[in-house]
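One structure is given below, encoded as structure tokens.
Chain naming follows the written order as A, B, C, D, E and F, and within any one chain the residues start at number 1.
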Amino acid sequence: MRNDGRLFGQLRKVKLEVNCNKFADGSCFVQIGNTHVICIANVDETVPRFLKGTGSGWVTAEYGMLPGSTNSRMQREVTKGKASGRTQEIQRLIGRTLRTAVNLVALKERQIIVDCDVIQADGGTRTASITGAYVALYLALQKLHKQGGVNIFPIKEQVAAISCGIIGGNILLDLDYSEDSLAQVDANFVMTKSKKIVEIQATAERKTFSQEELSQMYALADSGIGELIKKQNEVLNIA
Amino acid sequence: MRNDGRLFGQLRKVKLEVNCNKFADGSCFVQIGNTHVICIANVDETVPRFLKGTGSGWVTAEYGMLPGSTNSRMQREVTKGKASGRTQEIQRLIGRTLRTAVNLVALKERQIIVDCDVIQADGGTRTASITGAYVALYLALQKLHKQGGVNIFPIKEQVAAISCGIIGGNILLDLDYSEDSLAQVDANFVMTKSKKIVEIQATAERKTFSQEELSQMYALADSGIGELIKKQNEVLNIA
Amino acid sequence: MRNDGRLFGQLRKVKLEVNCNKFADGSCFVQIGNTHVICIANVDETVPRFLKGTGSGWVTAEYGMLPGSTNSRMQREVTKGKASGRTQEIQRLIGRTLRTAVNLVALKERQIIVDCDVIQADGGTRTASITGAYVALYLALQKLHKQGGVNIFPIKEQVAAISCGIIGGNILLDLDYSEDSLAQVDANFVMTKSKKIVEIQATAERKTFSQEELSQMYALADSGIGELIKKQNEVLNIA
Amino acid sequence: MRNDGRLFGQLRKVKLEVNCNKFADGSCFVQIGNTHVICIANVDETVPRFLKGTGSGWVTAEYGMLPGSTNSRMQREVTKGKASGRTQEIQRLIGRTLRTAVNLVALKERQIIVDCDVIQADGGTRTASITGAYVALYLALQKLHKQGGVNIFPIKEQVAAISCGIIGGNILLDLDYSEDSLAQVDANFVMTKSKKIVEIQATAERKTFSQEELSQMYALADSGIGELIKKQNEVLNIA
Amino acid sequence: MRNDGRLFGQLRKVKLEVNCNKFADGSCFVQIGNTHVICIANVDETVPRFLKGTGSGWVTAEYGMLPGSTNSRMQREVTKGKASGRTQEIQRLIGRTLRTAVNLVALKERQIIVDCDVIQADGGTRTASITGAYVALYLALQKLHKQGGVNIFPIKEQVAAISCGIIGGNILLDLDYSEDSLAQVDANFVMTKSKKIVEIQATAERKTFSQEELSQMYALADSGIGELIKKQNEVLNIA
Amino acid sequence: MRNDGRLFGQLRKVKLEVNCNKFADGSCFVQIGNTHVICIANVDETVPRFLKGTGSGWVTAEYGMLPGSTNSRMQREVTKGKASGRTQEIQRLIGRTLRTAVNLVALKERQIIVDCDVIQADGGTRTASITGAYVALYLALQKLHKQGGVNIFPIKEQVAAISCGIIGGNILLDLDYSEDSLAQVDANFVMTKSKKIVEIQATAERKTFSQEELSQMYALADSGIGELIKKQNEVLNIA
């Protein structure tokens, strides 16, 4: 029924490859269908100014797309001299989400910088980034913990994210680019293993939607995120 | 119970002043408690490049804060050389919302530029901006319609917006700045007169939230937006 | 004889509204005809680097125009990435003028930042800004003095400003925008209560002018500034 | 009495060297004491957008200082990413002045771009720039006229500029850098051969000044500009 | 003898993976030891302004490094607002080299944009980029040729590149990062299949070098480039 | 045979004028034919952050061109907001070269900033800059040495630079602009008095070149640099 034969409530093929980078403290190459993102987490022994002396840490994220990642080549953001509104919106979302996952006090006065770089973009790059970033972050914190940098392992919540949308009245899970550009409603859900919500962004692109439709998207997202959480735990060797 | 004696589900005092600017095609000075925003709509006889030759129009929004609008003076964005991520996120939200309100084909190949400038900021500036921007936009389109620039009046939906939050387990409507900085969950709702959703952004600031809490915030927002829609219609002289 | 029925030597209607902003240390909303400027003064307990350790303070000013303030919408300066030459020229002028008004040693090692934001622009925005900025600055210093931050009240001169111009051979006081765009000579005068000159900028826009014409403009400006000084003192409750 | 033995009303040594650049349409290397400026005028067969189709031309100026031109090395403006307020103020002044000198209609739809680059700076760079820029402009227009690009020679006024200041109650002509940094009042005069005023900028740096002092500075400037006009005509071979 | 057991004249392990990107006209993922670069070539049906109407085409290159590609995380260039001098130097080098490889007239009035993005950096990223970029470019031109966009296949030279260096008096081929940071001389060679030189950049980092040493480096580079050319032809299925 | 009657292996007329600037620690106005560059060296008692506490110094260079220096006026780089790739490439080259000339430990923890500003450009501006910068640097260090700022005179190598090129199969020394734009190969050589190489950049502009041609260019450059070294020593009064 869908382009690629998927059911409405079905995820694309998901692949998480840990330690894809030789230099990073933690890294994960996430592939969700044709959307490919390199997520790299590095420990940085400084904190933003507003945290100096508080004893608390920070997690921040940056997001980028290679100019050749998209269907028709994008201009490099450095050429325009600044990150676009979309880029900033996405990196703020990833950062907020990861901070929810982490016990910032246990992290102590240091920060984790997570870079999500899209190598190939076929829809859902921000949710794929979150799902992969969690894995990279987990690995970086595991390394820090093993090295004695922290006493308590600073992960407090497991997070993953997925998109939903409405096309022709149907509720669909995990839209690819061709679906995304047709969707009347576009929603991104970030949720925890414990089925709590971290963030919902639901936007009417062409027509408004009802509370009932929001609930249906929620249910689909909930099931998709459950699958992603399982995949994360597989590659992290968590039972 | 709240700082200013309001009930949990009560809006701050709302005042909409139309035609606050001598030069604009449409304007509205919106005051929601101590949050004050000047909303100005101007018709511009060009369209963004991707719309040239399509016969369809556009609505775009820009948002700014005076450096002296906040409790402690903010740096002027021009000094930093670019709009912050927050500013861009807000102006993208206002723009998307207003485009949902407008029949872009009826508007023909021109754009409406809406400027929302915050004169005083005490929480809820993005939702106040949307509520006031709708009024400014309506007035600009009314002028355009009277002058014969459009045949069909291009408003298709009436929109307004409000925030909700969770503090100490209580669900609150229309947070002021002091509440906003304490909230565990911060949500912004944009809805139509017909009770449909245009946009929901709900974010866990300190702790995650359940679907049940989302529903409760929805109910409160729905009632608050009903009141704002009534206020808009009063100043627009719509029965 | 003039557009709005004014005599050559007559000011537009002047209104100064003190404490227009809830958060500022001092504020004044100045309206001179259809030119409306919000002036906000805030005390900042730092000084520019070149003053560190000198025991002396500083006064600086920033100036901006809302994009919707003018007859046809202006581009937001942050979009261009930098303040225009005109903006910088004006804020340098306001800053210099206010520093002349203040005993910087009595102010001690802190600075006052004055923001002049034009809400509506109909000519004479720089002179209106100076006239309103003085009031905002006075109020901020009064608050500082009451709180014991300074021992000596740091105002040493009272300043105000007005424009003059030559149109069709006639010398006019306080040009509005339509007059300004016709003027052959455009001059701005900043003067003190004691009738001394702080700054004169007189520019031939279309034709040069004689020393005699400069003297006539000076006389008109002198009388206009006298009236503005009186208005300032009224709202500051100075006999 | 002055540092270098000059009388209060005496200019520094003035040297104008025409055709100092092999490639320019007109050029003049102006040396006023230790202030050295290369002024280069080039004809450009385009006009700013607002003049397209009007048949009228334009004159614009740019101003820069070599980083090594000053007593202690200045940062290169390109490093800061933008021209300072001072630079923009000066280039706007030079441009306005030169446009007063030129019959823009006779120039036809083209522009003259004049670059004033300070090689060595010892005070009075803006007035030296104007004095030299006039010569470079004249030469470029002479070349254009000879080549038949214009029918009427487009110079309508001869302009030159000089500074005055008040130090210790004395009125001084043509301040060098050491005097400039001591001056209580700093004034720049741009005047024509016919003794008319093009621009006056007079600023109280430390103390305000009276109309009488303005008149005295005017008289001194008038005499200095007369000498500069003579020097210009000598190198331009005008009787 | 070298860190990784290589001989002085030995390349690191080279792997070229064609068609690594689903959307590009041509792509090659090049791995030279731990240096990994994605090279993407896209056909763009415009040309830079100076070529409009000439009938001739253009090849341009852009280069970037992921922030997590290096040993210690690099700042994202977009954050600094501009490409560094090093980045610009490298992308100018890649562009010049590729233009030497292409018959620009046969390409007709269009350009090929080649993006070289470093995923992991362990020395020699500019030479790896050139070697991979040639392959991506070849594939994009092959596609264009098959689709009839060009009549003559526009490749005229095959190019590849490698580094050499002098450490402790020894001449080494293909330096990794740890060697590069020790090298007294650092040289990059770009050569053709026909053993001609396209570009040599040889720099004394710590001590100067003799003509004899330059010749020895040339010989080593010549042999290494021969191997790279063979690898390119293998993946391009050229006998 | 050449435009200006020079032999293939002949330099243009070289003139080095020391102490051309009143304020600099060392300065040299270098004229090579119609290429004129002001080189200014200033001692700065700070070092880049990576050198703090190391006891070692630094030499850095900046390069600029006056907008009127070229045949057709160039845009001022500050207007574009950043230095071009070419500018950065050249200033990196000059800086590297000068650091090779200096004993950075003997310099102690301070830096020399060398500004090379092109007043007139007729080809070979980067090599003329290096040749003149060495002289300015030498003079600044001599002054520092005399003042007792360093114990050991920190010059360890004498450097100069020249270009070569291939036009119509002929090898030419010291190309002027008209030759440069015709050259098939363009090479810049930086060498020492002791005939060692500091940097070679040889680029095929239109056709590739052989190792034999590289050697011939080397021989010509070697002889030209010998002459420049002699000129430097003449103006520095070194036997």
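The criterion applied here is as follows: a residue touches a chain if its C-beta (ideal position, glycine included) is under 8 Å from a C-beta of that chain, and two chains touch if they have at least 3 such contacts.
Everything numeric in this text was worked out from a predicted model, so none of it was measured.
Common neighbours of subunit B and subunit D under the contact rule above are C.
On superposing C-alpha atoms, the copy subunit B sits rotated by 120° relative to subunit E, to the nearest 5.
Greatest centre-to-centre distance from subunit C is found for E, with centres as Cα means.
Note on C-D: its contact pairs, compared by residue number with those of E-F, B-C or A-E, agree for more than half at E-F. Centre to centre, using the average C-alpha position, subunit C and subunit F are separated by 51 Å. Taking each chain's centre as the mean of its C-alpha atoms, subunit D lies 33 Å from subunit F.
Along subunit B, residues 81-83 each make contact with two or more other chains. One full turn of the ring, starting with subunit D and passing subunit F second, gives D, F, E, A, B, C. Within the complex formed with subunit E, the residues of subunit F that make contact are 81-86, 88-89, 91-92, 96, 100, 157, 192, 194, 196-204, 208-211, 214-215, 218.
Residues of subunit C touching subunit B in their complex: 21-24, 27, 34, 38, 40, 42, 44, 62, 64, 66-73, 76-79, 81-83, 113, 115, 117, 119-120, 122.
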